[in-house]
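Labels run A, B and C following the written order; every chain starts at residue 1.
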Amino acid sequence: MKFNKIALASAMLAASSMSWAGCQIDGRVSIIGNEFPAIQAVAANAQECTGGEIASNLTADHQKLNVAGMQGNPAEYTSAIVANSSIVALMNEDVVRPLGDLVAKHGQGIKKNQLITINGEIMAVAFMANAQHLVYRSDMLAEVGAEVPTTYEDMLATAKKLRANGIAENPVGGAYAAGWNLAQEFNNMFLGYGGEHFKAGSAEANVNTAAGVNTLNMMKALSEYMNPDFLTHDSNATNAEYRAGNVALMNMWGSRAATLVTVDGVADEVKNGFAIAGPMTVGGGSTPASTLWWDGWTIAKNISDADAEATFIAMANGIAPSQMDAEMAPLAVWLIDGYEPTDKAKGVFAAAGAGTIPYPMLPYMGLLHTAIGNELSDFMQGKESAEQALSDIEAAYTAAAKEKGYL
Amino acid sequence: MLFAKNSGWKLRLFNRSFVILWLVIAAFPFLWTLWGSFKVELDFFSKEDWTSALTGVRTLVQHGSTITGDGYQGAWIEEEFWRASFNTMLVCFFVVITSLTIGTLGGYALSRSTHNYTFWLLITALIFRAMPPITLVAGYLLPFFEWNLWGHLSTTVVVLVAINQPFTLWMLHSFFTKIPKELDESAKVDGCTQFQAFRHVIIPVMWPGVITTGLFSFLLAYNDFAITAILLSKENQTMIPKIASFLGTTQTEGNVMFAVAAVVSATVPLFLLVMFFQRQIVSGLTAGAVKG
Amino acid sequence: MKHKTFFWFILPTVAAMLLFIALPIVSVVTQSVFTSHGAVLIETENCGPFGCKVETTIDQKATAKLREEQPLGRFSGLDIYFDRGHLAVNEVAQAWHESAGVGDFLGQLNNLPFYRAMAFTLTFTFTVTPLMLAFGLLIALSINSLHQKLKGLAIFFSLLPMIVSPLIGSLVLFWMIDSRGILGNAIQWVFSDPDLSLKASTSLTWMMLIVYGIWHAAPFSFVVFYAGLQTVPQETLESARIDGASKWQQVRYVIVPHLMPLVTFVALMQLMDNFRVFEPIVGFNSAAHATSLSWFVFNDLSGETRQLSSASATSVLTILGVAVLLTPVLIRTWRDFTAKRA
C-alpha cells in the first residue's frame, strides 16, 4: 500500500509536469468510482485537463452512490467508474449514455478492445483487467517435489502431500467468507465445470445441476485443507494467512498479487517462495475455474452534451497511452495501448489467454450472486446436502428475481 | 455515599476486585490495540503466534527496533487524517449542541405535560427509532442529490441530530421526570411563565442528565458510520469512514496499521473530554437541588 | 402544561423527526408494497476486452414506457412480505404439512433465512438485555464507591468498549479470538483442546456475539445508572440504614426503585438495539452462523443489484417486531404515565 501510494504520488507528479498538450475541456466533469490506486491515478490524470471544473469522489461506497447520483437531471456525477459486475446496475436504471459519436470524435488513443459494446452501442471504455489465479509458495512445493498445479485435482493432491509431510497444517487458502467471497469462488468453480448460471434465454437460475453438485463437492474437499475458520476468511484474511507463511496454495485476485509480499514484516522465506501462475482448471475441463473482470468508465445520460463531451475528453486523457509510464504501469493490469505487463501481471494475462469466461454481465447476475453467498454456508459446514443447498439458492434467487421483475 | 468507607471489608474487597476485573475486561482490548499500533501488521495481527504482538519480532526485523511509528506517520501525514479529525470535531460539536438544545426543550415539555398525546408522542418517537438507519439513508440519497444537499457537513449534522432525536428525547424525558415538579410549579406560582420557570429553575439543576445525554449524542455522532459513509463527500469525510477506507476491499489492498493508529489517536480527544467533564459526570447535582 | 406552550417547546424536535424519519418511513412502507416493473429482456451481442458474447440485457425503451405509466412500480400488496426471503408463508405451510414431527418442522423452518435470523436475534436480545442491565448496575454501584480521585479514570476506562469504533474494535477482537490469537489461545488452554475454534462452530459463535454484546453495551447502562445514583435521596438511605437494612436491602428497596425509570429507559433502548443487532455480525464475519433482520437490510442494499422493496419490507418487519417486543415495557410506561397524572 505504501509502495502504491508513493508510486501514485510520483505518478501524479510526473503526469502533472508533463501537462499533456491538447487536453482542453469546456464543461463540468465529476467522477465517482472506487478508491484503489489505479483508479486514483486515472482520476488524477483526468484532472490535468484545463478549462472546466473537474471533481472526483473516489470511495469504497461508490456503488451505493452512483445510481442515485446519476438519476437526477442534471446528474451530480458525469462519469462513473465501474466493473463488469457493477455496470449492470447503471444499465438497469438507464442512467448511462451510448458513447459511439464521442468515441468517433475524441477516441483516438482508445484501442478497439477497450470498448464495451452492449447491443451494438458503446456503453463504457475499459482500462484495466483483473482475474483470480493461482498464488503459491515455490519453496514449499519444491520440498515435496510437487509440480505447480494446473488443475484443482492437482491442488488437492499437493495439499495432501504438504499436510502429510508436516510442511503446512492447512496448506490451502481461499477467500471463502460467507457472502460475496464464497459466492465468487462458487462462480469460478461452476464455470470451470462448464456450468451455465441461467437457462438459455431466460432469467431462470440453473445451478441445481450436475455441475453445481460437482462444484460444491470440490469446494468442500478444498475446505478440508483450509483453516477451520475458512467461512470467516475474506480475501484480506486469506492474504494474511499467506503472508504469515501458513498457506502454500491459493486462488487470489491478480490486483492483489503486486503487494502481497511487499508489506512490512513479511518473512524472507515467504518473499522468496512467492510465485504466481495462471488459473487452474477443474474436472477435466479446459475452461479455467476463474472469471475475468474489467474496470472502465461510463458517462451519465442526464447531462448536457457539452458536459458529456468534456467528461469524455477528460476521461480519455486519464487513460491516454501517453500517461503510461514506470509509475503507472505497476498499479494494475492495464488494457491501455503501450502497456508492458510486469511480472506480477502474468497471472491475469494467463487467465485471459486460457479462455477464462468474463464475469457474466447480466441484469440479474447480482441477485444470483447474493443468493449463492447467503445459502451456501450450511452446506460448507456439513449441515445439509449439496442438492438442498442448490435448491435453496434457486428458491432464494427466484424470490428476489420476482421482486425485481425478471421472472 | 453508598458502600462508603464504613461498609464491611468483605463487601469492599468484592467491590474493589469487581471494579478491577471490569476495568481489565473493558480496557484490555484497547490497551492491546495501543501497544499493537506501534508494530507492523504481521506482528499485531499475527497468524503465526500471538506472542509476536507483544515481542514485535517482525517489527524488529523490518525497522531495527521493536516499535515503529509508521502507522501514525502514514495515517496523519500521508493520508491527512487530521482533516478527517477536524471534520469530526465540527460534526460532533454541532450535533451535540443542536440535539441538546431541541431535545431539552422537547424532553422537558414531555415530562411536564400530562395530556395523553405526550405518551403517544413518546411511543411514536420510539417506533421511529426502530427503523434501521441504513434504510433511511438509502431513502435520502435521491432528494439530497436533487437539491444539491449531498456531501455537506451541515446536511450530515442535521440528519444525525434528527435520527438521534428519539433517543435524546427519551433519555432527557426520563431525567426530567426525576426532577420534582414542585420546583417549577412553585416558580410559576411566583409569576414565572413556563419558559422562565424552565430557564431559571430547571436549567440550573438539569446538568447531570443533560451531560450524560450529551455524552451519548457525542458518541453517536463520533462513531457513526452508516450515515457519514454515505452522506459525506470525500473531502468532508469524518474519521470513521476515513478509517474504513484504510481497510481496503476484496480486490484491493488496504493498510490496516494506518487504521489501527488512527483509531488509537482518535481516542485521545475522548480521554481528554471525559477527564475534563469528570467533575460534572462524577459529582452531578448532589448539592441541594433535588432532595426527592 | 398548556397545549400552546407544549407545542412551542416540542416543535423543533418534532419537525426534525417528521422530516427525516417520518417521511422516509412513509416512502419505505410505500416501497415495500410496490415491486419493480417486469423488465423487458432482450438477447444482444455484447463485446469487451475479452471478446464478444450473446447475453441478456434490459430493453430500455420498452421498460422506460412501463415506468412512465406507473412510476411507483407494480402494486404487489403484501407479496414481498410473504415471499421466501421474508415470512415465507407458502414454505412454512408446506413444511408444516410435510414434516414428520415438531423437530423436523423446526429443522425445515431453520432452513428459511427469516426464521433462522429470528432465532438468533431473539436469543441475542433476551440474553444480552438482562445481563447488561445487571452488569451495568453492578459496575455503577462499585465505581460509585471508589475514591473521588479514581472515579474519572475508572469512568473513562469503563467507557472504552463504547468509544472505540466498532469498525476497529471488532477487527481487533476478531483477531484476539482467532484460534491463534491471545483469547483464542487462552480458551484452548482453559478447555485443553488445541483444535477448539470459536469461529468455526455455530454455538460458540453465538456465545461470542452475546459476550461481545454485553461488553459493548454495559458502559451505556453503567453511565445512565451512575448518573441516576447521584440523585439517590440520602435521607431515605440514611433512615434505611438506621432501621438496620443490610446493603443488599438498601439496594433492593431504595436504590433500585429510585432508578426504575432509568431501568425502563435503558431496557427499552437495549431491547430495540439488540433486536437490530448488526455491527458485530459484519465485524466478526459471522454471517455463516448468525444473521439478523438488520443484516438482511444491509445485504439487500449492498449487493450489485439493490433490492429496495425487499429491504423496505424487512425494515417494516423490524419496526413491527420492535413494537411487539416493547409492548410489555410500553404498558408499564403507560401505567407510570397515568399514575403521574393522577
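In the analysis below, contacts are C-beta pairs under 8 Å (C-beta built on N, C-alpha and C of every residue); 3 or more make two chains touch, one makes a residue touch a chain.
On a predicted model such as this, the values are computed, not experimentally measured, just so you know.
Closest to the middle of the protein, by Cα centroid, lies chain C.
A comparison of the A-B and B-C interfaces places the larger number of contacting C-beta pairs at B-C.
Of all chains, the one whose CA centroid is most distant from that of chain A is B. The geometric centre of chain A is 33 Å away from that of chain C, both derived from CA atoms. Computed from the mean C-alpha positions, the centre of chain A lies at a distance of 37 Å from the centre of chain B. Averaging Cα coordinates per chain places chain B and chain C 18 Å apart. Shared interface positions of chain A, defined as residues touching 2 or more other chains, are 64, 234. Multi-chain contact residues, meaning those touching two or more other chains, occur in chain C at positions 178, 301, 306. In chain B, 45-48, 138, 244, 247, 256 are the positions where the chain touches two or more neighbouring chains simultaneously. Remark: chain A residues 63-64, 67, 84-86, 88-89, 91-92, 94, 113-120, 126, 129, 177-179, 198, 201-203, 227-229, 231-234, 237, 292, 294, 335, 352, 356, 358, 360-367, 369-370, 374-375, 377-378, 380-381, 384, 388, 392, 395-396, 398-400, 402-406 touch chain C in the complex.
Interface of chain A with chain B (complex): residues 1-2, 4-5, 34-37, 56-61, 64-65, 68-69, 71-72, 76, 130, 175, 180-181, 234-236, 240-241, 243-246, 253, 255-256, 259, 263-267, 293. Of all residues in chain C, only 1-3, 5-6, 9-10, 12-14, 16-17, 19-22, 24-25, 27-28, 138-139, 141-146, 148, 151-152, 154-169, 171-173, 175-176, 178, 180-182, 184-185, 215, 218-220, 223-224, 226-233, 235-237, 247, 250-251, 255, 258, 261-262, 264-265, 268-269, 272, 275-276, 278, 293-294, 297-298, 301, 306, 308, 311-312, 315, 318-319, 322-323, 326, 330, 333-334, 337, 340-341 touch chain B in the complex they form. Chain B makes touch with chain A in their complex at residues 40-43, 45-48, 58-59, 61-63, 70, 74, 78, 138, 141-142, 145-146, 150-151, 229-230, 233-234, 241, 244-245, 247-258. Across the interface of their complex, chain A is touched by residues 35-39, 41-50, 52-53, 55-58, 60, 63-64, 74, 76, 80, 83-85, 91, 111, 113, 174, 178-179, 195, 197, 199-200, 202, 284-289, 299-307, 309-310 of chain C.
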